[in-house]
């Protein structure tokens, strides 16, 4: 059966409604990237010692965990869910690494166990959300406490610090003379994987579709529950990787490692243009968001501004970015050509 | 036996020459409606006739573009639903919106609970008044139970109770009996009659002529956004009304070309889902268009969703060719050649915030991948082919689907499914909310597709469409197939009859 | 037609008793009693020493206040993650006022703390109600911002107990008829809040908005105003809690109240307040707070090292929401079945 409907296609379509430069530049992501560039330039000019390579080194060493966890977190938020338990998984993985190492297990093996535990933690989240049908906000508030509690419970108030210097210096090492930390290599690989999956695979298309309309997505054959489950497992596993790095970098496994990290990750993701309502966002904006917060912190610290002010700025930035999105949507609706859109749906049922 | 309507004096509600458009779509060309007090006034018309829009104008949700709107002789112009409520207008929608966690009593009085001097809510007074209201309506609902889980019938009663406690003088009931069983309908009618006898004016919108003729005293017909006629019920017949509703020579507009009818492609047998549909069996052959007619709430969309796998069913089988289609597995159904264009275009058919290209290729993404990778180049190429075949009117492939007109949105949904090269197409309300020009295109398209061997199951509430397009018409009522009518014997009357009459025994 | 419009209730007392027994609040109470009994068996001082009894009542008082405020916000289908930072700010304000304004009357300080809390809550409420951004994000941002302001203001200073007037600190530990003053304050506030939520239009509208925001708009309720009030109330209650915190502990650094938001949300959820709003009571949240903190204190006595506390909190939260879900599914099924009684 041939599927030609018209004798020959009679319409010509442009691929894109607007020229490339407009599409690429007039987006939230480019706004954040521009802001990032401005802040970096301002810091180079205005803050002493900022332009030293060592600043960048420490900046990247500091934000590496946030960069890593932001990757799966972005996808989770795009589907309209959230995961507040990631920092607790970091802590739990840190503790597992420490205790297993103390028990004599070589680091690579202990790391694998920790990553597996992180994945299990993510799977538990995913199970409660997709199978039991609980809201992810409530579930991950609970697992935030549970996993952190397990971490603290396992080690108590002690810390494991006697890590093989081979591993701790590896965590802090740099690539040749560039000043770029080696941890950036696995990060960039993960970034490429996530970016490719999100933008170039049916799975990634499904992630956006679920966030925009999970009902329509399921009518078109997207496996909504399975996709969400996979994302939660990924978040757990990547958080565990971040935990391993964190532990080795500071040379200390503690139950309360990375407390509060989830807030920094979410703040960076939202700042990077991902909508809390789901359905929109991209990784390049998120990376810019993480680096922006990192640079701000770094520059302000060098300028002898205290970290509390940095927190005020982070908090305010977060609020401003979401309020401004709301405002832009309100403006967009007020335009005459857009007035009919909502009403059109009523007309369809007349 | 109905009481003659009309207390002398101004009509309770009067609309003259009301018009309303939404951009290019003209919903009301010229609507009239005059409702007297002590009257139950039926408002009938097909889908798209403009009834819902008129109701929303009355309720204050929309503002009319032109025309007169008089309430008890005085001109009114409501800017919000609160204003119309305050003026004594109440609308009972088919699916009421209540507060599920709160009690029935609180639902009735929310926002205006009786209070004493200190602002303390007088629960006893509220409860007593609720019991009193239910007594007047002669219904038994526990005033303390949460609103959650109430049947639609009971939810409507609560809305009516609310309206009475607000002393609404005009009550509009929009297709109230669509989801009701026979007993619940009787109860609703008793309530309506007692409200009428109290001097209120009721507007009853419905497709069910047996009910309309049993309950109402006056009937107004609308068609294509225009007022057609008003009569006393006693002075007219169902056939006359149906004729005025449909109003045109059906066979000319929606010609279905002759097609070779081949072997059975879709075979549904004994499909049952408790409370939704029972023992549904039918077949669709290649080249055939089978129309599935019936009133809203008959269960047709539920059957379609169950066949395709979005919903589940408890008994029965679905086969494409000789292969059994697994239950509750849309992807398997797709792979076997099934396609479903759903009823709710904006929520189920399309991802309205996504682009034309993405929507068009959503079901065939896996086939467009090379080594698991999908580029927008490949997407756009495929989207271009299908969008142009269906002549979707848009400038660019990255236009957001939600900004297209209803007709073009429907074309995108169709394109998405045709791209999967299906053997069976189930299409639910193919032309609802679509302008006339695009309607004809869609019908021509369906006809061509059948000619090429596609088996089509077409669910439609628009009689002319069903009569014009279908080779065979299946009619459903309250979850069961009540008739199978061949094209030659299918008329508005015969289909309507089967849609509104079941066996004498109510369930 | 039948004139009987309600199902005849066989015995109002029995029905009332049945409702009481099935209520979530009752199970929390029972759990609490169970924990106390078991722990007291292990160590009678837990309950029966004068300090033991006092601490049992005193420790949760501050969290009770915060949990009540949080419950109000959650019932309207929002959340306030900034309460920990708010408490820190108001506690520090309390210390600062006493230090910088010698001889300031205690009542003025109390009012100032409440006022500051209310203002901080107003900021949250305005952003949520007007900008229509989810409360989760807004209060995440203010959590950061308020804490930052706190640290900026306090620097590395600390308010010490010695900096504050003796009679103020005395309030933190004094008791009347063996009930600590702070507990009495918490109880009074709880009763007032519970009365408001149950018996006033405003209180009922909180539930309506959380139960079905679309219906609330259709009914013409003043949704924006109600959301503002909810956040202001939460902030004010937290402000009061901050003042009491200063009275109780005397030492306040810039990290006071860190992590409190988690405990407040946990208390509410455990106490039966649904995370999506529309149901639950402030009684439940208060009982949840008491249960939470009592378990924390009981764990060491029962031989569980207290660093497992967090895990217990987490398990309780998850248990509570899974239980709620199962109960909700069952209730939906039952309500569907009983609907047919209404017309026969």
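By letter and in written order, the chains are A, B and C; residue numbering begins at 1 in each of them.
The working rule: contacts are C-beta pairs under 8 Å (C-beta built on N, C-alpha and C of every residue); 3 or more make two chains touch, one makes a residue touch a chain.
As the structure is a prediction and not an experimental result, all values here were calculated from the model.
Engineer: On a CA-centroid basis, which chain has its centre farthest from chain C's?
Structural biologist: Chain centre farthest from chain C's centre: B.
Engineer: So which has more C-beta pairs touching, B-C or A-C?
Structural biologist: Spelling it out, more C-beta pairs touch across A-C than across the other pair.
Engineer: At what distance in angstrom does the C-alpha mean of chain C lie from that of chain B?
Structural biologist: About 46 Å, centre to centre.
Engineer: Could you state the distance in Å from the CA-based centre of chain A to that of chain C?
Structural biologist: 31
Engineer: Show me the residue ranges of chain B that touch chain A in the complex, using the header's touch definition.
Structural biologist: 22-23, 25, 27, 48-53, 56, 62, 225, 310, 330-331, 334, 340, 342, 345-354, 357-358, 362-363, 365-366, 369, 372-376, 380, 383-385, 387-392, 394-399, 402-403, 405-406, 416, 418, 421, 432-433, 445, 448-449, 452-454
Engineer: Mind pulling up the chain C residues that touch chain A in the complex?
Structural biologist: So the residues of chain C touching chain A come out as 79, 127, 131-134, 136-138, 140-152, 155, 254, 262, 265-266, 269, 275-276, 305, 307-315, 317-318, 321-322, 325.
Engineer: In the complex of these two chains, what residues of chain C are touching chain B?
Structural biologist: The contact residues of chain C facing chain B are 1-7, 199-201, 204-205, 207-208, 210-212, 214-216, 218-221, 274, 278-279, 331-332, 334-336, 338-343.
Engineer: Mind listing the chain A positions that touch chain B in their complex?
Structural biologist: The contact residues of chain A facing chain B are 1-6, 9-18, 23, 196, 200-202, 205, 208-209, 212-213, 215-223, 279-280, 340-341, 343-350.
Engineer: Mind pulling up the chain B residues that touch chain C in the complex?
Structural biologist: Those residues of chain B that touch chain C are 81-82, 85, 97-102, 106, 110-113, 115, 119-121, 131, 134-135, 138-143, 145-146, 148-151, 153-154, 183-184, 187, 190.
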